[in-house]
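To start, the structure under review is shown below, and the notes come after it.
In order of appearance the chains are A, B and C, and numbering begins at 1 in each one.
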Amino acid sequence: MDIVIIQFLNSIFYAAILFLIAAGLSLIYGVMRIVNLAHGTFYALGAYVTAWAIGKAAGSMNIAVLFLLLPVGAVAVAAAGLLIEPALFRPLYNRPEEYILLLTFGLLLILEDVMRFLFGGMPLTAGVLMDSLGSFPVFGLKYPTYNLLVIGIGALAALCLWAFVYRTKFGVILRATSQDRRMASALGLDVRRVYMLAFALGCFVAGLGGAIVVPAQAAVLGMGVDALILAFVVVVIGGLGSLEGAMIGALLVSFVRTAGIQFFPEIELAVLYLIAAVVLLIRPTGLFGKV
Amino acid sequence: MMNLLQPGAEGVSVGRSLALALPVVVVLAVVPQLIDSYQTQLLTYGLIFGIAALGFNLLLGYTGLLSFGHSAYFGLGAYAAAFMVRYLGVGSMELYILGGLVITAVVTAAFGFVCVGYTRIFFGILTLALSQVLWTLAYKFFWVTGGTDGIRVPYRTMTLLAGAVDFSGPRSYQRFIGAYYYYVLGLFVACVALMWVIVHSPFGKALQAIRDNETRARFLGIGIRRYRWIAFMISGAFTGLAGILWVPLNGLVTPEIVYWPFSGEIVFMSVLGGFRSFTGPIVGAIVFNYLKTYAVASTEYWQAALGIVLVILVMALPTGIVGAVSRLAWRRGAESGGSGDQP
Amino acid sequence: MSLLRTVKLRKYFGDTKAVDDVDFTVAKGEFLSLVGSNGAGKTTLVNLISAFLRPDGGQILLEDKDITYASVDERLRAGIARSFQLVNLFDDLSAFDNVALSIFSRERKTLNIMRIADNDLEVRGEADDLLSQFGLKSKRNVLVRGLAQGERKLLDVAVAYALRPRLLFLDEPTSGVSTRDKVQIMDIISSVVRAGNVTAVVIEHDMDVVFKYSDRIVAMHQGSILADGTPDEIRRNEAVAANLLGLSAHG
């Protein structure tokens, strides 16, 4: 029973992270019709920057301040996005979508090595944050309190994103542009600015995922590439361009993964990809998607 | 009008293509006599990737489908050969090719059947997902596939040409590299010739029609799904053959060759050479192979180097090397009083 | 004897009755113009007959064979072909390749993988011949994206014609073309079609063109047939005059 609770909590924890990555991917696709292959790498970048910042500051500041440093990774990634979109993506909007896809692959290669250059090949941790919160008992076992914080942040982020997209003026603009770019432009919306901000937001969310996971899980090279595939699975199941889909998909994938690792470790990933393939066959737009 | 390097252009004739191809084949046949063993090996890899890219581009350049899962077929070929070594004790290259092609054919038929119902981004993601299924199987079922340690495919116990050529005895490695180069070259020439006929056949024209205008193709009576499926299988077979040829040279097969970034490399090769031309992907594969080898040797950050090349390519040179060269040649032709048609 | 007729053919888009219980006939060998203002239902009718859309009710009979729900392929084999209003060609293939492809498809040769297309002299000859008939011989090797609008419209028709249909639907074959070129294009189309004994239904907005070339005119309005008759009869028809006024010069 206690194992079940632990695994349940783990699933939600993992789902929170996955949701953040997938939501960003979905947002960027929904608004800009771009599949960003470097998206996982942005997640990794967020993890690295946050781990690095916390590592640098750990000796000299107290724990509460260190917590405030958590979002640093997300901000850094968003800033990178603000530079990348106008410089690299904008010139390609009139070309077939395959070109940008290829460009993001190139971006992935570049960013992976940028991270290696900046942060070296060794894993970076921010474990001090996790340790500081200690653990709480679950039926005789101990569970890290930090994970609950992650779940909380994930839920908060989901709420904020939802509110932003569906309740703010910019959210309306975002949705309008995603549905009909030409129409939006004809109505006087600055599509270029919308794209730039949408991309930055998508990057921010991915970076946030990396930032909040790193105290629990060290930043390692290659984490982005692995994360991207899972994010893809989430988005395929949940639906490209859908926020609710990203959430449901993340929960589904997370639970299947956790159960799989527990009971069928060899094929848990294979099962996941197969589920994605099956969803693509039955309902290509995903459970909630709009293409 | 554009020269024979552009798919679909008129004026293509067997004679002219042979005239252009023959000197290249001669050069390729002579080159190993002039370079050392390492360079020969490098060029062999280039030819092998050329076959892979050639197959890949049937889908992209000619049918308009961007597959992000071709590492699956390459890996299938490689693992098939490796399994034959490990579990059947087979040493004959011809048997590797036969067995590998059969396995690749079955899987590409299944994968392809599923994938060709979809286009553009969904096609890409589906091919990616399916290739990842294969990757996890290779990775996780380590007692069958050797996991990350992989399976060795030694050249010493291998034979070519139904046993006529073997590699036991002294200086076997040099002999292997030398003989294997010509073996691969022979298959390379055969593959290029075969693909050339395919893309210039009525079937090839139908594929291009499907690429250009699916609706009109349907209204001409061309069964879109069936043609794409056939193209998918041919494409997978070529890339699978490349995998089979690759593994004895590499000596080892690991799941990395099935992991999705290798699919990205195959795409990279085709784009580098120019996916809108017949020879582009071949040129791209050979150039990419040199590029990657020298990048890996020169810098720890070779991935970034390749990434920068790709970004520049996409932004400045979308028609790739061959496209740029033929544009240059066309412009020269126009300057000296050529035809009035624009490219 | 009618080659094709529809019986109470119906297509609704929500509340809009795009095609409303239409009884439409085409006699063998005639050159028929289908006219009407935008939204009258002409293109929808053609879409229904060419299997682009499925009807909500009614029947389509080709020489008394019911093809109402037949697939695109079945209708092609039965001899129905069409061109498109917005040019629908294979942009990165040459004019020759576009027409040749039609012929290959008609001859069921498109699954030939191991023969070189250009070496099929029969198909080549026929394609070249057709290009000449349509006045496109000089543009044989030009890619579609390099052709002028008028040439593309002609090619669009040629590609459909190359299927050697019994019944050819042409959707606004002169749209987007200058007035002077319109006449030239229609001259070519009508002479080729008549010489080939192909029954043709042409959707057209330009009434001058319509009166000049048609054997018979069918005028539609809001999903129904308004009038049906020879050019003279239609000219004298008041209902047509009322509804199609202002259409002639701006087609």
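Points worth noting:
Here is the rule we go by: contacts are C-beta pairs under 8 Å (C-beta built on N, C-alpha and C of every residue); 3 or more make two chains touch, one makes a residue touch a chain.
This is a predicted model, so every value here is computed, not measured.
Centrality annotation: B (chain centre taken as mean Cα position, compared with the mean over all protein Cα atoms).
The chain with its Cα centre farthest from the Cα centre of subunit A is C.
Taking each chain's centre as the average of its CA atoms, subunit A and subunit B sit 34 Å apart.
If you average the CA atoms of subunit B and of subunit C, the two centres end up 43 Å from each other. Separating the centre of subunit A from that of subunit C, both taken as means of CA atoms, is a distance of 52 Å. The touching residues of subunit B, counted against subunit C in their complex, run 1-2, 7-14, 197-198, 200-206, 208-209, 211-213, 215-223, 227, 230, 234, 276, 341-342. Against subunit B, the residues of subunit A that register as touching in their complex are 35, 37, 88, 91-92, 95, 97-99, 101-103, 105-114, 116-117, 225, 229, 232-233, 236, 240, 265-267, 269-270, 273-274, 276-277, 280-281, 284.
Interface residues of subunit B facing subunit A in the complex, by the touch rule stated above, are 66, 114, 117-118, 120-122, 124-126, 128-130, 132-133, 136-137, 140-141, 260-261, 264, 267-268, 271, 300-304, 306-311, 313-315, 318.
Remark: subunit C residues 50, 72-73, 76-77, 81-82, 84, 88-94, 96-97, 100-102, 104-106, 109-120, 140-143, 146, 159, 163 touch subunit B in the complex.
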